[in-house]
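What follows is chain A paired twice: with chain B in the first complex and chain C in the second.
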Partner chain A sequence: MKESNRPILEVKGLKTHFTTKRGVSKAVDGIDFTLHKGETLGIVGESGCGKSMTSLSILRLIPSPPGKIAGGSVLFKGRDLVTMPEDEMRKIRGNEISMIFQEPMTSLNPVIPVGEQIAEALRLHQKMGKKAAWDKSVDMLKMVGIPSPDKRAKQEPFQLSGGMRQRVMIAMALACTPEVLIADEPTTALDVTIQAQILELIKELQTKIGMGVIMITHDLGVVAETCDKVAVMYAGNIVEHASTEQIFADPKHPYTQGLLNSLPKIHEDQEELITIDGSVPSPYNMPGGCRFASRCPYAEDICAAHQPDLVSYSEDIKVRCWKYTDKWTGKRDKEGVV
Partner chain B sequence: MLMFILRRILQTIPVIIGVTFVVFFIMQLVPGDPAVLLAGEGASKETIEAIRDQLGLNQPLYIQYFEYLTSVFKGDLGVSLKNSQPVLDEILVRLPITIELAFFSIIITIVLGMAAGIISAVKPYSLTDVSVMLVALLGISLPSFWFGLMLMYFFSVKLQILPVAGWDSLLHVILPAITLGAGGAAIVARMTRSSMLEVIRQDYIRTARAKGLRERIIIYKHALRNALIPVITVVGLQFGALLGGTVLVESIFAINGLGRMIVDAIRMRDLPMVQGGVLFASLIFVVVNLFVDVFYRFFNKRIELN
Partner chain C sequence: METTAEKNIILQVDRLKQYFPVKKDSIFKPKAYVKAVDDISFELFEGETLSIVGESGCGKSTTGRAILRLDEPTDGKVLYMGKNILTLNKKDMRKLRGDLQVIFQDPFASLNPRQMVKQILNEAMAIQNVVEKSRRKERMLELLGYVGLPPEALDRYPHEFSGGQRQRIGIARALAVNPKLIICDEAVSALDVSIQAQILNLLKKLQKQFKLTFLFISHDLSVVRHISDRVMVMYLGKVVEIAEKKEMFDSPLHPYTKALLSSIPVPDPTLKRDRVILKGDVPSPIDPPGGCRFHTRCPFAVEKCKQEEPPLRELVNNHFVSCHIAETLPV
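After this line comes the complex of A and B, so read on.
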């Protein structure tokens, strides 16, 4: 493989488990993906499917106890973040890999001026002096489009609107020009016009800095607008991994199909919204077979009995479903059930 | 900020007037006639009447109150019934002693309490945490008169390293200040711990971690400032309890402070003295509350004075 083609981030078999009184919850149960420089990977799935835990696991920010990375590796520029000593890990956090969180209202420290919250990362990682770091943080605020940044930098978060706070978060995350940005539902808490602005901003800065972005979201609209490729998660697993065009044009996994099907269609006269029947299995009591089997319209005997692997369907499509293997009988198709 | 302090100071004026009102009328409820008391046993009706006239005790209450108020603002708190000395002079001798005692006690409350709370919160449910909290529980439960006597017994009588009683040097301050500050320290420790544990779970602490900050900076810069907001309130309240405690502690350690003065005055039915003492104790409390509010505002700029 050519040097430039080597992924900047490579997640292999990552497992994050939570041990509680109710038992072991396998929030992330063996996921794999890669991210290249300048690329945007979307991780989608419904609430509780493990997408936020995946992102927190990459930076080792899982609340522990009860959480623990139970296996797998996260290779960043060839080094494994899972086994790295804590003080080296700290040098990567906020410096080479940054994160934007879902809740701009609560993710900033309420009693520290926002400029200082950006500047402290610069002083820490870039060894900047007080004045230089402050000036840079004002520059960052300007870059993310905050008007009168020198005045805003001295204000505390409560004096800023939600959209502005998220811009501050982005400025903070990008201050040290990271190589990877993990955006965990960056626009969920914002209203639609601000949402578009923030996504635009992330995209714009991405081309400027050339970083890889992991966009975690449950919003397929966000995926369509921003991502190059998509990993669909269900119950702690990746069930489908393909390019964005591919996912929207021809989804393979029944769950992805269900997700896209449940989007309201603007040009059709729909009486009722389409849903996926059933519910997500409890993370404490995962079924032995395919985790989607009980909700799947195509499920055969093998689905409930054995968990399928994530296998290549074509060069850029991977799917975790028996339907695309030679074990599939297609019995129900023939019987005309589906 | 300056506007805030100024407005907050102006707000204390009605409070102070309210204090004089309460102090004055409570004294009216105390059984016994000061004129009879002053005249002594077996005095004639005429003498009592003359004294009453002289002190203005036969005037309607609201006039008496008004006269009391004007003389208070002129700095005249009347004379002691016991030794005919001006009350204010006596208070000014005693007040610095009580303030010194209260100051050292509140320092112990704050420093010991917060340190213990932080140590506990950094490693919750560890052996350190459990032991610190157990000591804190003891600190809350032990009555100060017993605790003071025990300290006195060990450090002054047995080990003979600290003076038993009195108020001559800094060494004399140690035991009374510990006695008075311990209970508050225990409460502050528990409050700091729970407040820290609450704050450590917040999203912005996760943000600070994601930034790559050291655990020390996360605790002292990002968590503590937020955790202290409720603790400051508790410290302010503790100061009130502490002032009440000076009465006991000054009696135990034979310290001639304001608290002991009030107790003695009550025993002697020296009403002007009691009145003056209570008034000053209340004033200290008002001033301390003022400071607490200013600190509170400093730590949490979201507080607006409406």
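After this line comes the complex of A and C, so read on.
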């Protein structure tokens, strides 16, 4: 972790709810985390845990209606993004905080040359002239490793390969030298050899620009290789928050343990994988107590009845589990994860 | 894999080619083809799991589809138990499909949304006529038991199930006709890791129970490492390496395999590795590079690689590689 006393991004009790015909879906239900300059925070979890909704909420990109930020605050350099007027928010989006999405094909405009799309951001946010913005955009394409950038800048997205499109997205996101970069599954749609290139590139540019990165992914391998600290999400909550080394060496929450156990290991042989029984609860019908209780091998009566808080286990470990509180009786503690 | 008994070849693929025509720019230009699978040969032994790995567009799924004749191959032979299935007529092919089943990646798209589970399973059995009508209900419940679904599932529609459960339905459907060989085309790729682990365990269990042979197509090398006996790596429509799993992961010979293996992010932050990061993208399969198809991205390529296509040769026992200079590469 890099030294810096004040975080650039501070999320406190953020809640994003969707009101639909089926009821209220609590996609993000009270999460807290901080991000410092030069630091990479990983947000991991399985489909539907709310990790992408968290990132969209930070930039206020939630489709509304049906979505709504129902509570909490997002402090960016001390200013609350949740209550900020839209025109000021627009100055921050893509300028001071930018985002890379999973699918570059659907996030780029298909009929505008890629260089033009990058230049647009520069003209808008940095008030650059037409020529200067174009030159800078060619420079950016060069920086992200696109061969013959002056030629590529004039091409439309469909003329580029998937890896190159993702590089364009990165070039666009970094054009205004943001202080925070949110990367939402930036390599999920890419092949492994291209993924390795892109992750390397993000890391390299991060050191160059010194921005804070929020890496949202379902791939624990990507987390292990890129992040300083990790927040594990389950059903709209953060269930564990710790440094990357800590999470992988000694996960505390039973869900984190289950998640790591269920990965096939590339460097060892196993006859059978350890699984987590059952499946994720419906967001419309969240259990009252701990949301993982029905799948948890350790669950006690208190787990089904009351939702635990995210509490500090040690200086840099926070965990949301009754097991680590004095309310825990421990009488049904079983060996290992079933 | 059986090591004591003689290995029976259940499926032999011989010089298989699958070309797809692409739209021409002009009528005066020669017709162009995407050479999705270009002259590949391999065999599959009874009871084993052979995985095909590679990146998008390498031809791994096309190979699976060509074997099942879901696309008609351009050239080559596919011998199932010694019989070339590419020359069979429609009726015989349909009969044979009972032996050869497939599980697809997206269980949402491969199950009819208007059919209840019982109709889905019944249809499979009716077409192959493997079970008498009177016994079918019983057999369906048996199948659900094998894949770990409750009996009530029979009267439900696919949308009522989660992704993992839908994949279980797909597996039950494949099992319904007593297959010998199942092609799993990215069968667990769409699933979350905790669910993926459940399905992988299920596939392994069923393989033992019914002595199934799997052709497992996947881009996920950790999954491949877990499930396979042997692994075949493809690049741009060609086989670049085939070996036993352990051999492949411990001592890969082809530069592409090495790069591929070193690119996988490993969920262990304490592990520091020398990573081979490849330059550039996979070239277009419409006009693949001459010579060795990997030479444009290969860090070791020499002049010969640009000129001459390397044959697949056995360098170590049962370890085949198509690279001119595999012996001289750094380990």
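Basically, the second predicted complex is superposed on the first by the 325 of 338 C-alpha atoms of A that agree within 3 Å, B and C clash if a C-alpha of one lies under 4 Å from a C-alpha of the other, contacts with A are read in each partner's own complex, and residues count from 1 in each chain.
One rule holds for everything that comes next: contacts are C-beta pairs under 8 Å (C-beta built on N, C-alpha and C of every residue); 3 or more make two chains touch, one makes a residue touch a chain.
Just so it is clear, the structure is predicted and the values come from calculations on it, not from any experiment.
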*May I ask you to decide whether A:I92 touches chain B, chain C, both, or neither, giving the answer as first, second, both or neither?*
first
*asked:* As a test of reading the superposition: which chain, chain B or chain C, is in touch with more residues of chain A?
replied: C
*Touch check for A:M172: first (chain B), second (chain C), both, or neither?*
first
*Is A:L310 in contact with chain B, with chain C, with both, or with neither (first, second, both, neither)?*
neither
*Would you sort A:I43 into first (chain B), second (chain C), both or neither based on which partner it touches?*
neither
_Taking the superposition on A as described, I'd like to know which of chain B and chain C A:L124 touches: first, second, both or neither._
first
*With the two structures laid over each other on chain A, which partner does A:L108 touch: chain B (first), chain C (second), both, or neither?*
first
*In their shared complex, at which residues does chain A touch chain C?*
46-47, 147, 161-164, 191-197, 199-200, 218-225, 244-245, 248-249, 258-267, 269-276, 279
*Quick one: in the complex, what on chain A touches chain B?*
59, 61, 90-95, 98-99, 101, 103, 106-112, 120-121, 124-125, 156, 158, 169, 172
_Residue ranges of chain C touching chain A (in the complex, touch as defined)_ = 55-56, 162-165, 192-198, 200-201, 204, 219, 221-223, 225-227, 246, 249, 259-260, 262-271, 275, 277-278, 280-282
*In the complex formed with chain A, which residues of chain B make contact?*
202-204, 206-214, 217, 221-222, 225-226, 299-302
